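Here the structure comes first, spelled out in structure tokens, and everything after it is commentary.
Chain naming follows the written order as A, B, C and D, and within any one chain the residues start at number 1.
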Amino acid sequence: MIDKRVSSFDEAVRDLGDGATLLIGGFAGFAECPSYLVAAVARKEVKGLTIVGNSAGLGQEHMKKRMARLFKCPDDYYPPSFLIERGQVRKGILAFPAAMGSSRSPFEEAYAKGQIELELIGQGSLAERIRTARAGIAGFYTPVGVGTFVAAGKEVREFDGRKYVLERALKGDFSLIRAHRADRYGNLVYRGTTRTFNATMAGASAITIAEVDEIVEAGELVPEHIVTPGVYVQRVVVRPSEPRAWNLPG
Amino acid sequence: MPGPRLDHYAIALRITREFKEGMLVNLGAGIPTLCSNLIPSDLDILLHSENGMVGYGPVIQDPERADPTLINAGGQPAEYRPGLAIIDHAESFAMVRGGFIDISVLGAYQVSARGDLANTVMPGKQIGSLGGAQDLAFRAKRLIVAMSHTDKGDRPKLVKECSTPITAPACVKLIVTDIAVIEIAPDGPILREHAPGWTVREIQDLTEPQLIVADDFREIDLA
Amino acid sequence: MIDKRVSSFDEAVRDLGDGATLLIGGFAGFAECPSYLVAAVARKEVKGLTIVGNSAGLGQEHMKKRMARLFKCPDDYYPPSFLIERGQVRKGILAFPAAMGSSRSPFEEAYAKGQIELELIGQGSLAERIRTARAGIAGFYTPVGVGTFVAAGKEVREFDGRKYVLERALKGDFSLIRAHRADRYGNLVYRGTTRTFNATMAGASAITIAEVDEIVEAGELVPEHIVTPGVYVQRVVVRPSEPRAWNLPG
Amino acid sequence: MPGPRLDHYAIALRITREFKEGMLVNLGAGIPTLCSNLIPSDLDILLHSENGMVGYGPVIQDPERADPTLINAGGQPAEYRPGLAIIDHAESFAMVRGGFIDISVLGAYQVSARGDLANTVMPGKQIGSLGGAQDLAFRAKRLIVAMSHTDKGDRPKLVKECSTPITAPACVKLIVTDIAVIEIAPDGPILREHAPGWTVREIQDLTEPQLIVADDFREIDLA
């Protein structure tokens, strides 16, 4: 019987080693962040990671302060920046590494200390490079970035009188994503804007691991409503019902 | 003495006057997202958010009603609106790159006389963020910048040449600042409107390139 | 008020003229075919069309005979081949123009008479070329087709030791698609396998027209269940409740 | 006198023996789709269909139960199966091109000694169809061909070089015909199994390239 359920987050990241490239889902908030998978990677103390995503996160404190008027940020929010703060990340391929305004993100702090490399790329090219990896395409020509630093060192070419830059597929070793419901086949549905990069990254790595709110029986998800077919997902883990400290195994 | 500077809401309100029935509009984080709360209720437009919403509503002000699974590009809770569609990030930018956005409203650190946009690396910072701005700046049919007219040191932000890295060249079509509304035209920036109490001279003094004064130069209408 | 509803199929194709490139949705069956839009194009008697799609259709008779044991084929099935039989089509860009076995499709008949051109392309490259047009990309490198007739005249290039062929975006003047439900914004959902090329083609033409079973109030479609956001759709028309002959206006 | 030729069901049944737990299998139109009705009920595999089904069931035989909005690659009505997911055509082939298909089962007009597949232009026809076969032949992890051993003129279909256009070069790994099971190996085609009553000599006589006889050459097990 096909069954992609894994009993713990530690088990889910068992083969994630030093130097791995991680596509980490999410956008800017806590609800779409695969926090428990990030925490499991932190517990594993692997080093030299490359992280790929929108923002590495602006840190827990930022989220709690800045967002306080808008949301109550849960205690179990562990954005990718958590791994940066712990010195586990060698490089970021990101669209939003720097904080808005004059405050500094954990990424900026690490960058200032020379501890981390940056490949800055816009969200659109980043998302398409990831989708392209899933789709078995080597690269694509986009009009976005021509004539800017983003195109430096990349092929620029004219089609029908417009210039395009060649962007290459960006495949990960692991995609760590967050979803709402899953079945044992790994089929996934997402709530609202938590879909974002999570659905884009599913299938774009050798191993895709989904952190979900709930697992339902096969057949409960309506075929037309499934956003990520289970073929793109290797492992599914359920979030704990109560917030758990990051350093507790599980 | 010039008049007071417009606040963020006034800038956002002026920008909403550019929105026409049926348009698809993307609002960046910061001043632009304020627009979502200022759109007239009888104007049927669709708001696009980078993270995959098409047709969302205003920012929810009451934390009790905020749903963290429905957030706008600024990470703020967005009101559900009938007709809302959710897409993933790749499709969201397929839509941007495909040229479906009628108006993109972005912030900026600097804009050049020819409409180059610099909103990636904040002056004084080592590194910056592109977010979705580069895709939007390259591909929106019309790009409107919302910004303060000068930086914290009172230096002009509308400049001859940008001194920080360019997000996209020659893309800005309209700039709404806290003292003026300026159109970027082929011949140069055209000063179209002024904040109450501001003269051409006072605006020009805080602007690097020479401004062309519009024939119908007038006070910003915020009524 | 945004309202993409159009009252008739004739009105929906009012500006479709000679020489237009039509992306016509569907796969192989009648349930996913935009039959009434095809019929409206037939009534308009436009000429010199280029049709893009999976199969042009194997003709009504074939469907009624071959499928008789499986389905009752409805009387109002008008596949793209209907336009070929009426001499309206100059060229096909298709994955499945020839019938299986020794019988001949309407496309093959027209081809044998020298009345039609063919660009044969596999379903995957065809679907991706169409999606690429919607996504504002100029072209992409696929491993599929290298070393075969499909790659003739196209750039072949090596990335990381594997050869890829450059395929270009394929944009239409009109996408004629079939969906299940729509709202006035043009948001669409599809039933089962009727999604196929219909959803792929939405937004890949200057004008996308959706033929639907039903229009519902804005807000009735669940945001997470919408497959095609209305932004990709310019016009929506409802199918008649009773089958209607192709040559009756409507 | 050799034995009778296997029928389509027997060929399909033999092919299902290659399916292992958890695999993602694509079945082309024709003999391959017959496999969907012959998969053991205790074997949990997922069937992929070009038109955007992942995890579908057997062909529905009763027209009363047939739903035209759930059809397989051959246009036949497919049974719903729990876990089924629907995707569009672009995503369906993102999945194929992305290398997610474990086994692809296709028909063929000809296969060459090195595993070139020719199933595009039917001999005698002016033009052909690619369908999804080219994507599948290039990108499936393992390609199995289901075909009659000879054409209607009793000419071999396993040939030294294909005489009709190649769909994909050197892609076929296993051929199941109505008289034999042949593996395409680097050194040439290996004759692994024979239909009841068929000898090596009789099979070789209907095959163009020289066959290597497997050490464990045996009768096809269809029990």
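A few points about this structure:
Assume a residue touches a chain if its C-beta (ideal position, glycine included) is under 8 Å from a C-beta of that chain, and two chains touch if they have at least 3 such contacts.
For clarity, every value in this text was computed on a predicted model and none was experimentally measured.
Where touching is counted per the definition, the chains common to chain C and chain D are A.
Inter-chain centre distance (chain A to chain B, centres taken as mean C-alpha positions): 28 Å. Note: centroid distance chain B to chain C, computed from Cα atoms, is 38 Å. If you average the Cα atoms of chain B and of chain D, the two centres end up 57 Å apart. Counting only residues that touch two or more partner chains, chain B has 53, 86-87, 93-94, 96-97, 139.
Within chain C, residues 128, 131, 135-137, 142-143, 190-192, 195, 223-224, 227 each touch two or more of the remaining chains. Every pair of chains meeting the touch criterion is listed here: A-B, A-C, A-D, B-C, C-D. Here chain A touches chain C in the complex through residues 128, 132, 135-143, 159-160, 162, 164, 168, 189-192, 195, 223-225, 227, going by the rule given at the top.
Residues 21-22, 24, 44, 46, 48, 53-55, 80, 82-87, 91, 93-100, 139 of chain D touch chain A in their complex. Remark: chain D residues 29-30, 49-53, 63, 66-71, 74-77, 86-90, 92-94, 96-97, 120-122, 124-135, 138-139, 165-169 touch chain C in the complex. The touching residues of chain A, when paired with chain D in their complex, are 1-2, 131, 133-137, 183-185, 187, 203, 217-219, 221, 223-224, 226, 229-232. Chain A makes touch with chain B in their complex at residues 27-32, 54-55, 67, 69-72, 95-102, 107-108, 111-112, 118, 120-125, 127-128, 130-131, 142-150, 190-200, 227.
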